[in-house]
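Pasting the structures here.
In the two assemblies presented below, chain A is common to both, partnered first by chain B and then by chain C.
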Partner chain A sequence: MAGALDPIHQFQIVPLIGEGAFAFTNSAAYMALTVVLITGFLMIGTSARTLVPGRLQSLAEMSYEFVAGTVRQTSGDSGMKFFPLVFSLFMFVLFANLIGLIPYTFTVTSHIIVTFALSMVVMLTVVIYGFAKHGTHFLHLFVPSGVPGYILPLVAAIEVISFLSRPISLSVRLFANMLAGHITLKVFAGFVTMLSASLGGVGLALGVLPLILAIGITALEFLVAFLQAYVFTLLACMYLNDALHPGH
Partner chain B sequence: MAQGSNHHSDQNDAPGDGDLAGRLERLDREIEKRGSPKSAGADGRSGGDASSGLAQAFRLSSEFVAGVVAGGIVGFLVDKLFGSSPWGLIVFLLLGFAAGVLNVLRSAGLVKGPGQ
Partner chain C sequence: MTETAGPAGTIILAQAEHATPAETHAGTEAHGGGHGGGGAFPPFDSSTFAGQILWLAIFFGLLYLLMSKVAIPRVANIVEGRAERIAGDLAEARRLRAESKAAGEAYEKALADARSKAQAIASETRERVSKEADDNRKRTEAELNARLEAAEALIGATKAQALSNVRVIAVDAASAIVERLAGASAPAAEIERAVDASLAR
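Let's look at the complex of A and B:
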């Protein structure tokens, strides 16, 4: 009972196979499930290859067009070389978020280490590609043009810290949204059982109110799940754009 | 979602009248290029009214907090490396505050992006 009403309980990581640092946990299992679902969705969706797409093919094409449009819009056609990375990120985050909305499942993206790893993939790509492509010219990212020499060190330091803060804000935003949403959902749903358990018939009648709220929040969470995946993708594109064009 | 389905229909009749589809696509790209390519940041707010305000608030506040946290981490590491405690933390927390404000102004579209 305590476990059922504890809103944090759903985020516990349990080792399924093995133990210690390399255990195959429920988090890893859901990550694997996410990848399997994405692969299955795209493989089955694109297997028919009809000119007039069916439902699944239409969805698969839509997800491609959506991400491709986002990439083109933010970093132009030259940004399309990052499309595989961006598309994988978008699909992974979106599917992980949506799977987490099914009751009794585990939300992979509600753990900051997962979202931080995802954002570090983006940032390391930016840094490595930026230095490989532009060499030291990449450092122009931190030196705004038209700044007087005497405040340049200060501005450069602020720019560097601003750059370092990107993976933090990118990961914290996704993680905090998913965590807060799931806790809110659990707390409101918990009100229903708590009311009916302690107040009997009156509680059952009163419990309708938090139940309605929980339904509303579930709908909101679906929007948040999509929106956060989109925002993550959009910002990843904008950061990757910096690797393509550091300073003009 | 709107632009996604647009592209989708454009490319689908490509085999039938390839020339027209190709020209339309080129026009699309040209328009996208001329219309400010940097304005895409504003698109994050286009998903519904009340929730988009919430999303924007979340975005701006996380940007600010991230700046301060990044400054704090850098300051802490500087102190660890050079044994300059507490000066590194003080200086870099202040710089982190400035970076956080810069982040917020940038994601609100009030200041140009880095390196421009």
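Let's look at the complex of A and C:
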């Protein structure tokens, strides 16, 4: 009963196979499911290879063109070398978010370490590629041109802090949205059962209100699931753009 | 699994409220075998971090490989294949349009040629016919003129002959009249002269 109504319970990590720190957990299983679903979706969607796409094929093409459009818009055609990474990020976050919306599932992206690791993939790519491509010129990222000398140290310090806070803001945004959304859903859904359990018929009647709210929040969560995947991708593209064109 | 995790989780959550972070961690370690991070708020339970990062690295790496090596080329193939196909079809349509335009122009030109040729033939025929008619007319005119001239000559000859006949008759008549009136014949030369004089008048 407590487990069923505890809104935190859904984020519990439970080992399924093996023991210890590196056991295969429910989180790992859902990561695997995410990968399988993405790959299955794209492979089945593109299996017909028709000129006029069917539903699944046009969805697969749409996701491809959506991400490709985002990459081209933010970092131009040269950004397309990061397209596989950005596409994988988008699909992973989107599918993880959407899978998490199915009741009784686990949401991979509701754990900050996962979103932080994903954003660190982006930031490390930016730093490594930036230095490999531009050498020390990459540091011009922190020194905007056209700034008077006497406030340059201050501006550079701000730029460095903003750069360092990027992975945190990127990961916390996604994590917090997923976490808060799922807790809210669980709380409102919990109200329905609690009301009907404690107040009987009256509670059942009153329970309609949180039920309607829960339905509304579910719809909102679908929007958030997509929107956060998009925001994550868009910001990743903008940060990767810095690695390509560090001079602002 | 959930049946045991539920109540146990609540108990440990209650413990954690009074525990220092180090104790929470220890508590989590102790229960680690049962359910990963029962103690702390699960997303902040650092004992699960290493495992999550490992599995994320494995599965995200796998996803990246699958996407970059298999899925993206497949979708790109379809999308770009379609773009190429459309571009090719458009080029083909453009070529066919140019071709049909050229054919139309050739037809127009042939039509104009035929028309001008027909006109040429018509005018040539007209000229030939009118020339023939002209020739015919001229020939007929010449013929008629010749006939006219011949007729005129004939008339002239006939007239001259008639006139000479008149003179002979007049001379005969005059000599007969003189003979009857005078009873003597006048010399023929004198009569002829007198007749000529009166004829000339």
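Convention: the second predicted complex is superposed on the first by the 247 of 248 C-alpha atoms of A that agree within 3 Å, B and C clash if a C-alpha of one lies under 4 Å from a C-alpha of the other, contacts with A are read in each partner's own complex, and residues count from 1 in each chain.
Quick note on the criterion: contacts are C-beta pairs under 8 Å (C-beta built on N, C-alpha and C of every residue); 3 or more make two chains touch, one makes a residue touch a chain.
The structure presented is a predicted model; accordingly, all values stated were derived computationally and were not measured.
After the superposition on A, what does A:Ser196 contact: first (chain B), second (chain C), both or neither?
neither
Between chain B and chain C, whom does A:Thr125 touch in the aligned arrangement: first, second, both, or neither?
Neither: A:Thr125 stays clear of chain B and chain C.
Looking at the overlay, does A:Gly76 come into contact with chain B only (first), chain C only (second), both, or neither?
first
Counting only touches as set out at the top, which of chain B and chain C does A:Thr105 meet: first, second, both, neither?
A:Thr105 sits against neither chain B nor chain C.
For A:Val224, decide between first (touching chain B), second (touching chain C), both and neither.
first
In the overlay, answer first, second, both or neither for which of chain B and chain C A:Glu65 touches.
The answer is both, since A:Glu65 touches chain B and chain C.
Looking at the overlay, does A:Leu51 come into contact with chain B only (first), chain C only (second), both, or neither?
Touch status of A:Leu51: both partners.
For A:Thr184, decide between first (touching chain B), second (touching chain C), both and neither.
Neither partner.
Return first, second, both or neither, reflecting whether A:Ser162 touches chain B, chain C, both chains, or no partner chain.
It touches chain B, and chain C stays clear.
Just to be sure I follow: which residues of chain A are touched by chain B in one complex and then by chain C in the other one?
Comparing the two interfaces on chain A, one with chain B and one with chain C, the shared residues are 51, 53, 61, 65.
Mind listing the chain C positions that touch chain A in their complex?
1-3, 5-7, 9-10, 13, 32-33, 35-38, 41-45, 47-60, 62-64, 66-68, 70-72, 74-79, 82, 85
Enumerate the contact residues on chain A facing chain B in the complex.
51, 53, 61-62, 65-66, 68-70, 72-74, 76-77, 140-145, 154, 157-159, 161-166, 168-169, 172-173, 176-177, 220, 223-224, 226-227, 230-231, 234, 237-238, 242, 245-248
Where on chain B does chain A make contact in their complex?
Listed in rising order, the residues of chain B that touch chain A are 1, 3-5, 7-8, 11-12, 15, 29, 32-33, 37, 40-41, 43-44, 47-48, 51, 55, 58-59, 62-63, 65-67, 69-71, 73-74, 92, 95-96, 98-100, 102-103, 106, 113-116.
Given the complex with chain C, which residues does chain A contribute to the contact?
Residues 1-4, 6, 8-9, 11-15, 19-25, 27-28, 31-32, 34-35, 38-39, 42-43, 45-46, 49, 51, 53, 57, 60-61, 64-65, 83-85, 87-88, 91-92, 108, 110-114, 117-118, 121, 175, 179.
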